[in-house]
Amino acid sequence: MSKRHLLAIFSNFDEAEAAVKELRGSSIKGFDASQDLVVKSPIEHPEVEEFLGAKPVYVQWFTLVGALAGGLLAFFLISGAQANFFDQIKGGKPVVPFPPNFVLTYEMFILGGVYISVLGFFICAGLPARRSPLYSSKVSEDQIGILVKTDEESAGVLKGIFTKHDALEIQEEAGK
Amino acid sequence: MIDNDFDRRDFLKVLGWGGAAVALSGCGNTSIEDGKETVVSYVHAADYVIPGISVYFNSTCAQCEAGCSINGRVREGRVLKLEGNTSSIINRGKMCGLGQAGVQHHYNPDRVREPLLRNGDKGETITWEKAYGLIAEKLNGVSGDQIDFLTGTVSGHLKVLLGNYLESLSSENHFVYEAVSPAVQRAANMKSYGMEMPRFSINKAKVVVSFGADFLGAWVSPVHFSQQYAEFRKGVDGQRGVLVQVESKMTITGANADRWLVVRPGTEGILALGVINALGAAGLQLPADVAAAVKGYDKERVSKDTGVSTEHLARLAALLKERTPSLVLLGSAAEGYAHGSENAAAINLLNHVLGNVGKTIEASSAVPFPQIAPATGNYAALRLANNRLADGQCKVLFTYATNPIFTAPTEMKFKENMAKAGFKVAFTHYLDETALQADLVLPLDSALEDWGTIVAEYQPDGVQIGVQQPLMEKLYPNTRGMGDILLALIKQRRAEEYKSFDDFYSYLRTALLKNKGEFAEAGVDEDVYWNDLLSAGIINVGGNVNKLVDKISTNIQLPPPPERDKDYPFTLIPSVTASLRDGRHTNQPWLQESPDPLTTIVWDSWVEIHPKKAAELGIVEGDILEVESRNGSIKAQAYLFPGIHPDAVSIPLGRGHEAMGRYAKGYGVNPFQILDRVFDKETAELAMHETLVKLRKTGQRIIVVKDEGPVGGSQQGRKIAVSVSSDQVDLSEEV
Amino acid sequence: MSVSNLLENWSEFRHKHPVEDVPHDPYKWAMSIDLDACTGCNACSVACYAENNLPVVGKEKYAHGQAMHWMRIERYWPEDDREFPDQGAQFLPMMCQQCEAAPCETVCPVGATNHTPDGLNSQVYNRCIGSRYCSANCPFKVRYFNWYDYPTTENVWPAEMTQQLNPDITLRGKGVMEKCTFCIQRIRVGQRSVKNEGRVLRDGEVQTACQQVCPTNAITFGNLIDTESKVHQQWKAQRVELAVDEQTKDKEEGGSDLRGYRILEELRPYPSVMYMERVRESAI
Amino acid sequence: MKDIREDIAWAKINKDVLKSLESPRKLYWAILTVAIAMVAVAVGCEVYQYNVGMGVANMDNPHVWGLYIATFIFWIGMSHSGTLLSAILHLMHADWRKPIYRFAEAMTTFSLMTAGLFVAVHLGRVWQIYYALPYPNERGVWPNFQSPLLWDAMAIFTYLSSSILFLYVGMIPDLAICRDNIHSGWRKKLYTLLSLGWEGTDRQWRNFRITYLTIACFLIPLAVSVHSIVSSDFASSQQPGWHITSFGPYFVAGALYSGCAAIITLFIILRYVFKFEEYMTLPILKKVVRLTFAIAMVWTYLNLIEYATVWYSHDEASKHVLIMKATGVYAPFWWMMNFCGSIVPLVMAFKRFQTNIPVMMVVSLLLNLGMWLERWMIVAPTFADGYYPWTWDHDQWPSFVQWGIVFGSFGWFTLLFMVFCKIFPSVSMYEVKEMVYHRSLANKKLEVTGMQESGKGAH
């Protein structure tokens, strides 16, 4: 069954919020609000998350793993290198000295954390992303977009909801 | 861990030997210069040339007259470094900086490499045949007394050959000139001890009082005396030796003294007599004539004249009385006055009074073959030569191992006088100031390429004849050994007599082997003997010990210290530094960059002035001062130096070359130029310390190039170089 | 390279140095310098130039403080307000002190300076990148940097003079730090030659260039572990210990009447060079 | 006075900021040309130094370090302000940072890139610089991890790459705006590529928020560690005047200080050049100035503490270095540093100067001069009067090569910054929108509750 994309543009968050709430409240055939609904906004807006309902974020797990791995790698890489670098004594200090190794471990801890967090961000946020079928540059300016995916026959219902909430514009395109 | 069973060093060893074998059999260069690009430069390498392995040859140092025996490290046919020959009694394996720089003399880029003939203002390269021919031509029709040889110190078989050549020319005009020499002392010692240069045993003395003798720096045989000094410091019978130095400008020896007594310039003799007087006062039995002679030298007067406090005078006398034997040394600072001989006599008298003669001053041995004994140089010789040149008595002048245009006071006009000689031949290593005035410049082999024998004037025990032998092949094909040149020249005259000698080497070998009986056990094979001799590098002969006389002369006429001259208020002390001496080795960069021990200045000349005097005159370090004597002026940077009498200023000798080479030319000034012509009354030696100068600030100021930092010799309260009083230290358990 | 090596030998890698339970063996090179014998004649410094291929930098660069004298003779004056230095000057030969806990070693970013098993502070020219941190952290300032490419600088080694260069040592190009090595080339030759005989070097078999030339024998160099060596005996007689920052003898009441001391010992670099105080006669 | 008008249309924000990316004015080209000329001077000096040797910089023994290291620390210090604004203030929800943090963050990145060059310029054998990298190799040779210089390298690498990521991640929404508004040429391709298909979806924003917060959390300790590691180049050494416990916080404070001063300078310049008066408002300037003043006083305190502890200690060598700083050859610079660092900022305490642009421009430049001198006065006097009196050296003076490269580094920084400003939005558009939005919401709330006060001091 073929799907159809709809993009509705709203002028402010209140209207968009109302529209989303209604979409989530209604049951429309071929449309699942938790999956087929995407809100696009020009700014990061915590309320969007609220009215869309809690969705898990996993970036922090990447961070944890990255930081730990970075730190461990650093300590063992460095200590291993010191122990294997001709076993040279320097300045009367032990061959594997803790203070410098801790400094470097600390740096690698951060390095790993940052790198893997960013990697996690790309993975979790699906970036780099294919451009979605419907987009309006207004979304990056000052308007809120709601992109929905639904069955052909339900499109009208959705359009109705958008119009009801004063959508400025509704784009539609045949999906696959 | 890196664990590898295969030993890399062993691998390299194998590879190295293989490679060497290939190289040895491979390329066809015969001289090192040509073979620069190849690994090993010989087809038929000498036995001793083993790639990668150093071999050592003994020879004799020719950097100064002390005759230290050297041990040269040679690798791949190149001499790399000079060490001391441990079996030499002169230097016992040790060296000074000047001696070590001998390799830089040898490898010097500014050596003359071809015979040069003057052609207008330029030198034209000619062949040796032509050069010899030219000399023969120029000598033709010139009588013997019109031919002069002006040389530095010569000794050994070269001296013999030179004498023979002069004889063949029927010339008696061999002038041996050394700008810096203990000539006054020789005369005084002759009078006092019956020999010019007795043996001084610093190591046997408990107290050494040195009147300006810089025996650790530049005096007579510094490496030898340094070793004596080390023993002296370790102690005789467990008692550490005490060194007292009396001088107006601190030398390196003065810097090492337990007590450095600064005296008004020229009053060393007064102090010596004052000490005798004080010794008498302290209860030492003085011979009547001595007591009479020193009667007027009570401590108040002596203190007033010399500037040494009565307290120090008394303590010195007490110490000398208490600790015997002692040794009183006499050096250039005391000699360099118009009354230098009187100073010397007074100082030698102190030795007599203290009973040191025969104990710490011992008889030296006579060189068994007087003809190889050194012809010692002095200034009087230059004066004679200069007079002959000025009067046009000299037609042909040969110079060797001397640079009078640099070292003679300008006022002598040596340069102008030299021009009066019709034909001037310079045997030289560098195009120095004198060589530039010559008509024919003949390049010499370096001391490390040449054969010869060297006999030092100062002999610590018996007589040591130093054998000089090439440490490597000649660097340049067209240099010649001085001996070879003389042999070639003498053959022009007496071909028949010398035809059996192909070269100086064969002459030397023959001469030394002839006396084999004197040196070696009977029945030793000639070749064995010769090889042993070369490998030892020295020949030690007992020699007949001269007879030491202990003759007291009390006829000493010491002038009172003069009033300071109003126009020229300072006495100029031209100081002799251990590394540059009279400037003949200034073109050796190690010496230029080796800091002067006391001022740490490098690459330049300086004027030492006492800080108190400098403050009076508003002079600060780095001010360019014009130092003007009655005979000229030079400009140099001021250095505030506490170790100098406020009435004196000092400029080191040796720098200020206008020629000679890239490392010498244009660095510093030459104080020889402005010396006044004042002479020691007895010996007619130039009184080097009698020049009076005045100072003028030029207004320029530079940063002095020296090693010490902006706080000079201050340790800023940090424990860096620590000094301790002898009563607070226990030396008995030391190793 | 392996982590297992790290873990297996963990305690070894955690040793501080120098410690009593892991001494140098069989060599620990050290010196003692008798300042009462040193006359300040500079022969040692020239010997060092000759042995170690030190460049003569010339007047201009010397003026800029870019001299390369691994061994320098310092001259100090008495610092009371006396008019004349009537007890002479004091000379001090100063070169790399081959510290056991060297401040220079830890700071090198590339590990170009390390401690050798025979107790030397090595300098690996090939590895040096010229950060000059070692010199910055050296209390004695005895490290010398190649500010210029001396082998190719005019009149430093003209073609003729290159023949004098000691082939046992490399020439250092620009940008490399260098310093006194205790004539490591001589030590290594000596060690290798006795290795074949299956023994260790005896006292006097290896001399440093400065020691060999010193006219007053003020410099003693040798193996501190070898009880027969002069340097060992001197250190022992002077009661100077290597791994301390204050000598026991100095802590005793009334101080010590022995002459041995080490410079800037209190900074705890544990220098391997002992100096012996200059003595001046009290009776004169 | 409000720090930003809440009624600015969002579209206008886009328009205003995007305008800064349009074809440059003549002034821009003039500045760029000067910057390139300055870089050319530095490149010339470096080529000369590379060919002849470090000696041409007039360094010597014991002055083995000179302006390169001092300026290196200066640029590292400069970088800290970006982190301060973007990370610390982000965590503290100080939203007045939003219009200015982008260029501050860019400043962080570029000053780090400038500082990095000094590491290379300083090395005697720069062609062997890779020896300092921990790369696995056949010979088992590694860099010396004990060396504070290696910690530096590691810290700077971490800081630089994290800063670039932070800058980039924070810029993705703005890059999308650029992509949506610029429709031709290489810029279009660039923005399309870099914006990674950002469309501002809820999923993207959700992850974005967490990520941004996480990196900010990492950056704060990182920034502190970077400059305290730089301080350990000195504090971990054994030299008098360097071996000082308080160097860690002292360096960090100095870093924030110089960074803030630089932000004021750039703030004024950008405000003028790009006509950003609407966004870089005087109230924001006032806040930055007050922050700078506070940091200046912290720095002053730490500076005095350093003197006091040295003075009070029994370490004669350190004390001597301090005395020589105040009385020796470096005295003019040392007093100048104290004047610029501690006296000049007092101007900032006066309200009427806080928004006086010419005064603040001069003050900020003097502060930066003071902070540069501070670094020089840490490096050089210790060499001039170290432990070993014999090697003291009061005559050393950096040659034109050192000055030229230091001079050129400012050109290099300017060049990078100018290019950045033309390619990337130097004001964060989406965040300014957020700021405006929150202000308007707050206003609405106030209207609703009827408690609206007259404009002033909302934040």
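Each chain carries a letter (A, B, C and D) given by its place in the written order, and its residues are counted from 1.
FYI, contacts are C-beta pairs under 8 Å (C-beta built on N, C-alpha and C of every residue); 3 or more make two chains touch, one makes a residue touch a chain.
Note that the coordinates shown come from a computational prediction; the quantities given were computed from them, not determined experimentally.
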**Message:** Counting only C-beta pairs in contact, which chains form the busiest pair?
**Reply:** B-C
**Centrality ranking, top chain (CA atoms only)** = C
**Message:** Taking the mean of the CA coordinates per chain, how far is chain B from chain C in Å?
**Reply:** 31
**Asked** How many Å are there between the centre of chain A and the centre of chain B, using C-alpha atoms for each centre?
**Response** 89
**Message:** Taking the mean of the CA coordinates per chain, how far is chain B from chain D in Å?
**Reply:** 65
**Fill in**
chain C touches at least 2 other chains through residues 1, 5, 67, 72, 74, 103, 106-108, 111, 264
**Prompt:** Multi-chain contacts in chain B: which residues touch at least two other chains?
**Reply:** 1-2, 703, 708, 714-715, 718, 720
**Item:** In chain D, residues with contacts to at least two other chains
**Value:** 140-142, 144, 146-147, 150, 387-388, 390-391, 393, 395
**Message:** Residue numbers of chain C touching chain A in their complex, please.
**Reply:** 1-3, 5-6, 9-10, 12-18, 100-108, 111, 113-115, 270
**Request:** Give every residue of chain D touching chain B within the complex, in rising order.
**Result:** 139-140, 316-317, 320, 387-395
**Prompt:** Which residues, counting only chain A, touch chain D once they are in their complex?
**Reply:** 38-46, 48-49, 52, 55, 57, 59-60, 63, 67, 77-78, 81-82, 84-86, 90-91, 93, 97, 100-101, 103-104, 106-108, 110-111, 113-115, 117-118, 120-122, 124-132, 135, 137, 139-142, 145, 147
**Request:** Under the touch definition given earlier, write down the residues of chain B that touch chain D in their complex.
**Result:** 2, 703, 708-711, 714-718, 720
**Message:** Touching residues of chain A toward chain C in the complex: what are they?
**Reply:** 76, 79-96
